[in-house]
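Dropping the structures in below, format is structure tokens.
Both of the next two complexes hold chain A, though its partner changes from chain B to chain C.
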Partner chain A sequence: MASVVRLLAVFLRVGILNELQYRTNLYVQLFRSSLSLVTGLAGLGVVFSHTQTLAGWSPPELLAILGVYLVVSGVLRFAIQPAMERLMEDVRNGTLDYILTKPEDSLVLVSVRAVEVWRLADVVLGSVVIGAAVSQMHDRIDAWQVAGFVIALVAAATTVYSFLLILTTLSFWFVRLENILVIFQSMYEAGKWPVDIYPAWLRGALTFLVPVAFATTVPAQALAGRLTPVALAGAVALSASLFTAARYFWSVGLRRYAGASA
Partner chain B sequence: MFRAVWHIPAKGGANFAKEPPTDPEQDDGTLPVMVIPAVEISRLRKTYSVPVREPGVMASLRSLVKRTTRDIHAVDDLSIVVNPGEVTGFLGPNGAGKTTTLKMLSGLLYPTGGQVRVLGFEPSRRERAFLRQITLVMGQRNQLAWDIPATDSFELHRAIYRVPRPEYRRTLDELVDLLDLEPLLPKPVRQLSLGERMKCEIAVSLLHQPKVLFLDEPTIGLDVTMQRRIRTFIAEYNRRHGATVLLTSHYMADVEALCKRVIVIHHGKLLFDGDLSSLVQRFSPYKTLTIELESGSDRIGDLVDGIGEVMRSEDGRVTIRVPKSDTARLTERVLASLPVIDLTVEDPPIDDVIERVFAVERVTSNDPPEAHEREHQSQ
Partner chain C sequence: MTEWVDMYRAQLATTFATQLQYRAVLVIWLLGLILSPVISLVVWMTVATSGGGQAGGFTAPAFAAYFLALMVVNHLTFTWIAWEFEYRVRNGQLSGLLLRPTDPIHIDIAANVTYKTITLVIVIPTVIVLGAVFEPAIEITPVTIFAFIPALALAAVLRFLVEYILAMVAFWTTRVSAINDLYYVPLFFFSGQLVPLSLLPDTVRLIGLALPFRWMLSFPVEVVLGRVQPDDLITGYVAQIGWIVIALASRVVIWRAGLRRYAAVGA
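Then we have the complex of A and B:
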């Protein structure tokens, strides 16, 4: 874990220093983040002009979901997705060889080495939205809720990371897989809304097939004080087991890459 | 098996400039220390199983249910020992198994059979202590990030290898100096020319001062000046650090300039292992005679016909190939019978020798190429 943090810090520093040269990217990203915030808010506005609750969610609670959605998608686009895209490219070009000859855990290396710094704007904006939602929800929020939320958020990021890693690892077998990340992106869009509003089959799919429910709904439930400890434990257990599975699958993929199984 | 015995430098010492003795009998008075060979390969095999694709729609459909695969023996019963500090050229035509061997040596591929040891480590275990001491440079693949300056990639490399700052500074200064990198470092890599990029690629892969260098066509696609530059650098690096270098190249100039020893493989099998000069001796029992004749001598070809095989003939200059043992007699005959202005006797160009090596192998090989590929079916 220490080496992950250390390397991430170095890669982040170099990434930031380089991005600072291209300020246009910052403005483009700020515009994009604002746009997704505005469309999100507009969507909420439309819904609540017709009704006061949506599947039991009040307006500030839905705002919290939007905030979590922004934060998690910020993390996703800041580090996870660039890393996975780079990994697929490296498998296709054979440059993964360079990663594998480094004296460092290959999974750590592939996970930290590509970052898109300005995407963090989504994280900042999302945090502001969450703050606003919370201030409308409660007069004061207790420490347990905050702790539950943070844990749920970490579990959410881990789940999304592990899920994408499993998809990306498939590129050891099927070389052309770019579209698979795009499909995930569009599924993730569904996370703007609580999964409760979807029909049962879709809810099932968004919970167990593509873990969107764990990425946005569950952390927001924690904020709203509606998450039971059991559900939180479930989310943590899922993220831990998905992470373990992803790591194992990665090592299987590597063995295939090295021709150990062939 | 150990072929030579000498001291190994404690830690990439810059003072290890002395040529290591190649003969165990040549003792310089100090106690001989048994050292581990830098590279030791014994009976190495690597077999790929590739699907056979037959033409036609029906065949393609059939292959969905019943896949026919074919075994390709990329490396077949290869045994090599390379001693520390040696610069060895690894030659063979495309697909001979050179890259596959280098990949097994750097731990990227698991051998199908046989043993590989590099600095005493088993590469496929990819232990950190092992990976820290080697480097792999592939001329056709870049490792520097495209959008950031080389200097930043160097910094990332330092972090990955955990090179202490002062040591890093020293190594970097040396590399910048030797390769003339100063003006290149702040530019994003995508703005560099191919040659400039290759210099940076080589520099980044040496920042951790590896003891063993696997260079897979490091000069490919570079112009002659840049090739020479890279070559000089490799030689100098080897001299200063006593690093072991295993190099593949299609440019014989690289091999001639750098490698005393060459290993030739073909179809994954060892064809030759020894000095470059003895390769020429063994595979080319010929000399070339380049004769310049007085202007006006027409029908040059006819004139020299019967003396040796004509290889080239242009503007009064003709190059013929003669059996080595007859060189003196035939030279005399040429001088006596033809209006010669100038005459040069040379060993044939190394490219021609290598070409001959493979030609000879094809003729004398007792198993036809099909034997390398056995077909079998799997459901």
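Then we have the complex of A and C:
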């Protein structure tokens, strides 16, 4: 675990140094993040000009979902997606060799080595939105709710990571797959709203086929104090088992990898 | 005239063959085009249900009809020219196209037409299935169809031109994606993708009236749903044509200026 943190810190530092050369990117990213925030807020505004609650969710609770959506998508684009894109490219070009010859866990290396630092702007903005949402909720929030929220958020990030790792690992068999990540992106859009509003078949797909429900709805439920301990345990169990499965699948896929010269 | 027919026949055949090569990309674009209206549809059906059966004059089945019609119109009018054009300018691919005796815009028109023809094979069954699921209240008469076709064609032309003009920003900057984002936000609100325009707050709706976005998408949708009065129909066509004229003129001016700039880079 210590080595994971150390490696992440090293790559993060390199990533920041790299990005500091292109400072305009920060402003471009801030601009884009604010646009997506404005779109989200205006959407909520229009919806709540016609109703008091949406499928039992009050305005601050939906605001919390929007915040979680921004945080998770920030994490996704900051570290997970760049790493997966790099990995696919390396498998295609055979350059994964360079990773495999290093004396560290190859999965850890591929997962932390590519970061897009400015994407953290979404995480910051999302956190502000969550803070604003919490301050507008009627009941005082207690320590259990905060703990549940943090656990659910970690589980959400783990679930998304594991899910994308499984998809990416498929590239050991099917070489050209970069579009599969785009599919996830467009499915993730659905996570801006609570999954309870979707009809059963779509809710099922967004829960078990593509884990969007766990990524945004569940943490927001925790914050709103509506998540039962059983549901939280379920989310944690799912993320743990998905993580284990992804790790196992990775080792299977790695055996398929032929390298550049083989 | 026969030259043009031959040229288009050749372009259509080429783009048809090219696009069938990249079937996965076709499906991915489609997924976004289908999912986004479904999300809005579900949100507003939920609003209508919790608001005692209706919101702003739309019942849940009326919302379903609106967003399914919007899905089809959005599919038939959207373009991907901004990405394509940026790629061309960045790679210098545009240079080769400029050597041809016809304006490259005709390649893009042909590609647009073939893409839509190919993907209708997926879009139509999808809309039928979604129609069975969401049970829209829609009554299509020959009159609405007759009024709808010109509205749709004008909307497609206008949206294509506007997005083409936007794509030409690539001549001046390589950061096209940020400018695209800036365009998609008002498009999303003012073209009726988030919600039927009549449900927007009054001030926002008034701003929308001065912009071209509604003529690119929501107008044909409202026409096919029979929500447009005969008088407004004529005004609508006129507004669409007016915007098209403005867009055509801007396209010519910006295209010339852009080409000078492009040559100056030495690409």
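Here is the rule we use: the second predicted complex is superposed on the first by the 255 of 262 C-alpha atoms of A that agree within 3 Å, B and C clash if a C-alpha of one lies under 4 Å from a C-alpha of the other, contacts with A are read in each partner's own complex, and residues count from 1 in each chain.
Operating definition for what follows: a contact is a pair of C-beta atoms (placed from the backbone, for glycine too) under 8 Å apart; a residue touches a chain by one contact, two chains touch by 3 or more.
Just so you know, these numbers come straight off a predicted model, no measurement behind them.
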Using the superposition on chain A, tell me whether chain B and chain C clash or fit.
fit
For A:Thr53, is the partner it touches chain B (first), chain C (second), both, or none of the two (neither)?
second
Applying the document's definition of touch, where does A:Pro103 land relative to chain B and chain C: first, second, both, or neither?
first
Just chain B (first), just chain C (second), both, or neither: which does A:Ala237 touch?
neither
Check the residue A:Val146 against both partner chains and state whether it touches chain B (first), chain C (second), both, or neither.
neither
So, does A:Leu202 touch the first partner chain B, the second partner chain C, both, or neither?
second
By the touch definition at the top of the document, which applies to A:Trp193: first (chain B), second (chain C), both, or neither?
second
One more residue to check, A:Asn93. First (chain B), second (chain C), both or neither?
first
Following superposition on chain A: angle at chain A, chain B versus chain C, Cα, nearest 10°:
100
If touched residues of chain A are counted for chain B and for chain C, the larger one
C
Smallest separation of CA atoms, chain C relative to chain B, angstrom:
16
Interface with chain B, chain A side, in the complex: residues 6-7, 10-11, 14, 17-18, 93-95, 97-98, 100-104, 109, 113, 255, 258-260, 262
Which part of chain A faces chain C closely enough to touch in the complex?
28, 31-32, 35-36, 38-39, 42-43, 46-47, 49-55, 179, 182-183, 186-187, 189-190, 192-193, 197-199, 201-202
Chain B residues within the chain A interface of the complex
46, 48-49, 103, 106-110, 124, 126, 128-132, 134-136, 138, 141-143, 147-149, 152, 155-156, 159-161
Which stretch or stretches of chain C touch chain A in the complex?
24-25, 28, 31-32, 35-36, 38-39, 42-44, 46-47, 50-51, 55-56, 133, 175, 178, 181-182, 185, 188-189, 194-195, 199-201
